[in-house]
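Below you will find the structure I want to go over with you.
Letters are used for the chains, namely A, B, C, D, E and F, taken in the order the chains are written, and counting of residues starts over at 1 for each.
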């Protein structure tokens, strides 16, 4: 099936936004992985790294933000189903050559619908938190490359991002 | 003052995260503008455009998500101050050549602290909402270039992004 | 069984409010439909109709409010169980003779308890949103006839409103 | 100025919903009073009355719901400004002849915008709570006559509902 | 297995906080009971008792707070799983000899993880609410003895507090 | 004025709970400090200490929980006014002789009402978070001695806890 043959499922017959009815879909085990990056100045990256050792931990706060917002995705994104996710974890890698922090989030559930939005929301809000923690020294940071890496479970099939 | 001379203000003496004490800062009129992009396939962009005319409106839902989350930024970002913003608006532009939707958010307040995070949160959550509304037809979309464009008001001075 | 023979289940032995214990009830497929009306001046109705064509869409915003608040009913109504609803949709009809907008909301779930309150909350908050969007031109609007139309699933049996 | 000459302020130039910019409005002392009714069967009214004496208190729970939701109006109604209300109280009157409970809510603040929506939200959610507390004995209840009674403060002038 | 042999499960391999992955745990029927106390002056206890008869009911408000916060435990405690609890009730006992109010909360669910935190959160927030309702007459109150009494269901086995 | 002469301000004339009307109180600079303790086994304390050095940081998570819940106190405690606090910080001390962690929270604002509840909520939720992070190794922990230490600003005068 090509992209054009699929349809936007988030609009009802009147053309207004709806939360898709998943009442008749089976409960299956599902997982989604998403990633994103926060680009900073070289000085900010250095400071985040040394900070992680000496004192506080910018990524520690971002980790908690990502987890808490993954849990509340259905309040943040209007048409998302309320879901009780059973697992969420984030991972951070610092790239000193291109001066960015890569964020990866993985979310799991057994449910009638998937958790892509939960993984993307975890990444986005963790990135915003890094921005917030560092903005006193660097307002020119940029958040980018937020995208879905993998998705498994559910009738629409698996997804794996190409190169 | 150079970037290195500024300090991370979001950690207390024990090295733990803190909400910065702004009790003694003056109330001033503040504004922040942020932007971001959602890159899609050419087919998805076309569909969003035609959809906006015929039936529902992807950007209409994203607009509401951006506004509602700007209001709740202090619940989403752990160290943000609770603020009663007095104005928020978003603007969307479709770029048919590079296949992206550009989102711009402007937030206003009179307060002891700025609204950069509110503007960035409005943009990020509007972008996530566009992803959610279109993901049934396109899972490979990417969110990027989320950054602060302008900031005025407050003692740390104005900020305007360079080219 | 007459009405008098049933008992108020929302109070415990001490006479204080409780969230009813549904731990031993079976999970069944459930649905509820509720309705309500917003009465306006003839001019406001006209404006809402033309507005829906030319520019924004009052009911589009009300639709999103109804969906988002249906999801959060257990935070709004103190004794409601937290529930992950699987479907919610709203419908709006304009009555030009009696100058009102009729709102109908349908909510679905598989659960140990029903979704009447979710449907009624969707209708009520959609009605409040219409009031909010139009209050700059008409403060005398009135919200009424909020009631349950149908309920199916669950051991208390089905309900269908009479004439 | 007639109703027709006023404009819908909740849409921006693109025709999308916006939170009205009140940044330049003066802070003034404001108050709003709203009312509504819950119609029940005669048996339900009797039971609510005796219940209020012997054991729990349906209206006591509704009172708390009304107060808590007045505080969170800006999360419930998409375009409402976040506001720190300084006072809110509700009053309940039982009408035994027509079998309804009348709810009146009064909300106060010093702010750049009014609290009509806070008063209407307090009434609506208190009414929904009464429905929830009594629905085990009476599913045919109806909520109606939700409307603004008075509004003072602010540049749009005072409002007082006519007969 | 001794205490030392168990491990902190709330940290991932990088040493950052995580929401424990319970995706592969079986759904079982679970229950938790927790308790706590609010110590007041003798005059405050007297007033709370007489107040409960004549007018309002401090414990009635605390009961509702405990129930509402038990439902939202996963928003209050960062690493708690979102859960749809199926039952929650609180009980209050006044001890006139030692001048305290004892609060007991019981929470039930069928789930992959337990509800200890829900029961403890119900007790803590009910205690805070009692403090809030009485602080105009007694600021020296103290909250204490908040602890888990019983826990059943789940693979870590039952727990019952010793003397 | 003695304790007995003061009155419970959180009930209206009907005896129902109310949010006290502070509309006519002056805005003053206010501060509140509260404390509490989490008693654990000696092994748990040791583990928390070593953990704080090697890997994650139990108190780091508790700090964030305390800050986030201080900001949302008016959602957690039914009669609390919504407030935009301008500063909040927590401090943790480990007592190895009596095996407890002492938590101290300080909250600041300029407002018409005080922030005692915000400080007590920060302490209580930080304590619950420590319990949650450690409960896999120690379910018998106890939370206690939660109390107000100091309060300044506002017309009811300053408060300082005696020995």
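Things worth noting here:
Simple rule for what comes next: contacts are C-beta pairs under 8 Å (C-beta built on N, C-alpha and C of every residue); 3 or more make two chains touch, one makes a residue touch a chain.
Predicted model only: the values in this text are computed from it and were never measured.
Touching subunit D and subunit F together: B, E.
Counting every residue number used by either copy at the subunit E-subunit F contact, over half are found in both chains.
Between the CA-based centres of subunit A and subunit F the separation comes to 32 Å, rounded to the whole angstrom. We define each chain's centre as the mean of its Cα atoms; on that basis subunit B and subunit E are separated by 37 Å.
Residues of subunit C in contact with at least two other chains: 16-17, 56-57, 60-61, 64, 68, 78-79, 83-84.
Contacts between chains, counted with the stated touch criterion, involve the pairs A-B, A-C, A-E, A-F, B-C, B-D, B-F, C-D, C-E, D-E, D-F, E-F.
Those residues of subunit C that touch subunit A in the complex are listed here as 29, 57, 59-60, 63-64, 67-68, 71-72, 83-92, 108-110. By the touch rule above, subunit A contacts subunit B in their complex via residues 3-4, 6-11, 15-17, 36, 41, 43-44, 47, 51, 54-56, 58, 60-61, 64-65, 68-69, 76-80, 116-117, 120-121, 124-125, 127-129, 131-148, 151, 156, 159, 161. On the side of subunit B, the complex with subunit F involves touching residues 12, 14, 16-23, 74-75, 78-79, 81-84, 112.
Contact residues of subunit D toward subunit E in the complex are 56-57, 60-61, 64, 68.
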